[in-house]
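Shared between the two complexes below is chain A, which pairs with chain B and chain C, respectively.
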Partner chain A sequence: MEALKNAFDFSDFPRSDLIIAILVGAAFLIFPLFPHSAFAIATMIQFFIFSLYGMGWNTIGGYGGQVDLGKAQYVGIGAYTTAVMLIRWDIPFWFSMPVGVLFSVSWSFIIGYPLFRLKGHYFAIATIATSLVLKDLFEVWDFVGAARGLEISPIKYAPPDFLRLIFREDVYYYYVIFAFFLLGILYMNWFRKSRLGFQLRAIKDNESVAQSLGINVHWAKIKTYAIATAFVSVVGSFHACYIKNIEPEDTMSLNLSILIALMAMLGGAGSLWGPIIGAGVLIPLKSYLKEWLGASAGLVGIDLIIYAAIIMVISAAEPRGIWGLVEKIRRRRSR
Partner chain B sequence: MPLLDVRNLTKDFGGLRANDAISFALDKDELLGVIGPNGAGKTTLFNCIAGLHPVTAGQIIFDGEDITRLPAYEVARRGLARTFQVYVASGDLCVLENVMVGAFMRTRERAQARRRAEDILERLNLRELAGAMLSELPVAAQKRVTMATALGTSPKMLLLDEVAAGLNPGEIEEVLAIIRSVHRDMGITVMLIEHVMELVMNISDRVIVLDYGRKIADGHPRQIADDPKVIKAYLGERYVREHSGEVT
Partner chain C sequence: MDILFSSLAAGILFGMALSLVALGLTIIFGVMDIINFAHGEFLMIGMYTGLLTAKAAGIDPLLTLPVAAAVGFLLGIACYLGFIKFLLRGPMIAQLLGTFGLMLFLRNLALLIFGPNDRAVHQGLLVGKSFDIGLGIIIPATKLAAAGLALAAFAAVWLLMNRTRTGKALTATALNPQGARYMGIPTERMNALAWGIGCASVTVAGALIVNFWSVNPYIGLLFTMLAFAIVALGGFGSVPGAFFAGIVVGLITELPGFWDFMTYTFEFDWMLDVPMISFKYMWVYVAYFVIMVVRPRGLFGWKH
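Up next is the complex of A and B:
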């Protein structure tokens, strides 16, 4: 009960923030009712997907300060679990998604236990390594389609199929992922005020001090890593039903891992709105850049150059991202 | 039975013996000061007791239980809290939140942790600073916040690491009053490391002196101040020889 109350309690934000949040939320809610291009709604769905990835990353990476560059492996586990179960045994999304979470979280414990003996850059590198190893394994594993990947063929089903999450129109996917997005915000709002949330922020500040305040630092990190993993895995499962065609190269790539971390950092690591703002800036940028510049102008890879530039600007100018900038300006004003 | 019983505590860092067979016991409600020149092994001693360093040899008994091999968070959960000399906070948590982290050790409930934290801030005269960021505060207030955070864990015993370092006489007076109130009113046993001699001599029931990792004296502050071994450790052998008539 207390937890539920905390999840819905946004009273520590200024009223102006809440008004903006409600207006934006309302705009999201009615967006599909207005005329829009298929491209626009696809971009919106990507925005929600990446917001959720970012929220998950933000628990361990933002609040906990542990830079995790291997989140894609859990996108893969979630996506593959759902795809394999649907294709082979016709098991619907709502059953395969929790199973995917179970697999992901189990895997996160197995690699989290040794990984969190490492600190700083070493931890970041190790997360990249585990993710890439898993991707390579999937590329040669015939059961999951090896490098060709898996394809969910919508012809077999009768859309709209709410159990299997197979739809013909994107608008259904839009509202499903929007619902997950709202749940994600509520969860994160609870998380940041929970005991674990406080403990993580203390860990980020100073691990020795955190230890001496009775915090089992290693265990707190592993737990949080599992939470981050669950977030990403759920969305991975959704991704499988939405995209319908998954391969190791796009569900488990290093690019994806970096993009997830980058969005949260750009928006503001360790803040509730940060990952959403980050996704809100980067996803449209990514989609439209590709559309306008990429293939047609022969500028493939320009998005990567832009990411690199963004990373450099954030780390040099404002490590706490866009939200950090907003807070800085606010604090200056209140003086 | 003493609350804290340290027996032959030895700590090596490679070839350096930072603590050499240190033994002492501390009764409940006692206020023990630890002094010694720079590099005498005071902070190492604290870190060993608090479980932050694995000890090389010896035994630490707290409240009847052997805590020698326990990790720091287990030691803290048993009621032994500590402050840190250099506390660098990246500034993600405000003062109230810092103290709440401590209070969360005893409860899962946010509301309860908050009440406990507010109560402690009140006791330590930090109420007006509740919303401030640690990095924005002057040193004196930062030191008080670190004490408040440690007290948030509701400890039986508190280890204070140089809480008066870098403070002016007025601020030292304030810290003195707070330590007394923690000790007397809250009934918490206190052990403190301090460079500021005046503070230690003023407040401690008993003082132990470390030099080169060894305990060289243990007794009432008055005895300690007159102990030639202590004077030698602090002022150097030559000084004692040259001023042998003057130093009493």
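Up next is the complex of A and C:
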């Protein structure tokens, strides 16, 4: 009960923030009712997916300060579990998703235990290694379709199928992922005020002080890593039902791992709204640059050049991200 | 038995070229504790430089090494002064993502300029020639030359780091930047120099590798990961470590092919399902993970 109250309690934010958040939320809610292009709604779904990935990453990377660049492997585990179970045994999404979470979390415990003996850069590159090993295995494993990947064919089912999450129109997917998104925000709001959340911030500030205060640093990190993993794995399962065609290259690659970290960093790591802002800026930017410059103008790569330039400028000029900028302005104004 | 010796020889030669790739990364990490995701992209630039200079000037690709070194040196210094200098002030995550941005930038610039197709060197003094040195070992001349020149470049860098005043200043900057600054060492200039040397060594490696490996704009990431593995195995910041770990990684990438040969020849049916060659790089990553966890400072590391 206490936890539920905490999750709904946003009172430590300024009122102006909450009004903006509610207005934006309402706009998201009624967005599909207005005329829109298929491209716009697909971009919105990508935005929700990536802000959820970013929130998951933010628990360990933002609050805990452990830069994790291997999150994509859990996207892969979640997506593959759902797809394999649906294709082979016709098990619906709502049952296969928890199984995927179970697999991801078990794997995260197995590799998290040795991983968290490392710190800083050493941790970051070791997470990349685990992700690459898993990707290489999936690329040759015939049971999950090897490098060809898996395809869920919607013809076999009768859309709209709410149990298996197979729809013909994107609107349904939009509302499902929007519900996940709201749940994610509530969970994160609870998490940042929970015991573990405070422990993590202590660890981020100074690990030896945290240890001397009686925090079990290693175990706190492993627990948080599992939470981040569960987040990412759930969305990975959704991704499988939404995209319907999964390959190791686009569910488990290093690029995806880094993109996930980028969302949170760009918006402001270690804050509730950071990953959402980051995804809200980057995802539309990426897809519209691709649409306008990449495909139509026939210049391959120029969209990614601009995108990369923006990443470079932000990481050099404002490493605390957009939320850091907002807070800096606020502090200056209140003085 | 022949095939075993051949794979051993090929692994050692390729490993020497790889260790030159990793040398730049280990210098940059050693001096300023920054992980450079764009490292493979500099290799790609070196490969294109070698290829295009050879084509434009009509000379052998092996003679383009000085050009590649100059391009790499200037590019490295430009990158440091224009970009990395600002990144160093930020937290670690911004550094990682900033160099990732640099990687995307360079890769897509290459894609825009050169197009997505594979290009390879077809003519050259050594291309297509090979030596048979007995015991059934056949060594491609390009790989032998690459390994020899890599060895020479390594010796040069080792001498620079250990036998000159500049090298001492670089080491001092690596150990304690603030202390070095108090001693009157221009640490900013040392950082730029480290980037220059690091990038020059990797572009030289690129100009060597292009003799036996075709180039496309996406080639960088594979070599970045191999270089990370080598640097982790050898110890972050260790020059001799990079050399020996490079040979180890070269052997790891060649031996699965030998294993496959065994399974096909002796018909170990239980192994035939999945050829080991598809796990070629996975064993590298596994070794890298195990070393990172068991001994984070690597086999020869001096800095932690």
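One rule holds for everything that comes next: the second predicted complex is superposed on the first by the 313 of 335 C-alpha atoms of A that agree within 3 Å, B and C clash if a C-alpha of one lies under 4 Å from a C-alpha of the other, contacts with A are read in each partner's own complex, and residues count from 1 in each chain.
In this text, contacts are C-beta pairs under 8 Å (C-beta built on N, C-alpha and C of every residue); 3 or more make two chains touch, one makes a residue touch a chain.
For clarity, every value in this text was computed on a predicted model and none was experimentally measured.
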item	value
Contacts of A:43 with chain B and chain C, given as first, second, both or neither	neither
Touching partner for A:193 - first (chain B), second (chain C), both, neither	first
Chain A: partner with more touched residues, chain B or chain C	C
Which superposed partner A:211 touches (first chain B, second chain C, both, neither)	first
Contacts of A:2 with chain B and chain C, given as first, second, both or neither	first
Those residues of chain A which chain B touches in one complex and chain C touches in the other	none
In the complex with chain C, residue positions of chain A that touch it	61, 67, 69, 114-115, 117-118, 120-122, 124-126, 128-130, 132-133, 136-137, 139-140, 254, 258, 261-262, 265, 269, 299-302, 304-305, 307-312, 315-317, 319-320
Contact footprint of chain B on chain A as seen in their complex	2, 6, 193-195, 198-199, 201-202, 204-206, 208-217, 270
Sites on chain C touched by chain A in the complex	29, 33, 35, 83, 86-87, 89-98, 100-105, 107-109, 111-112, 115-116, 217, 221, 225, 228-229, 232, 236, 274, 278-279, 281-282, 285-286, 288-289, 292-293, 296
Contacting residues of chain B [partner chain A, same complex]	50-52, 71-73, 75-77, 81-82, 84, 87-90, 92-93, 97-98, 100-102, 104-105, 107-111, 113, 149-150, 152-153
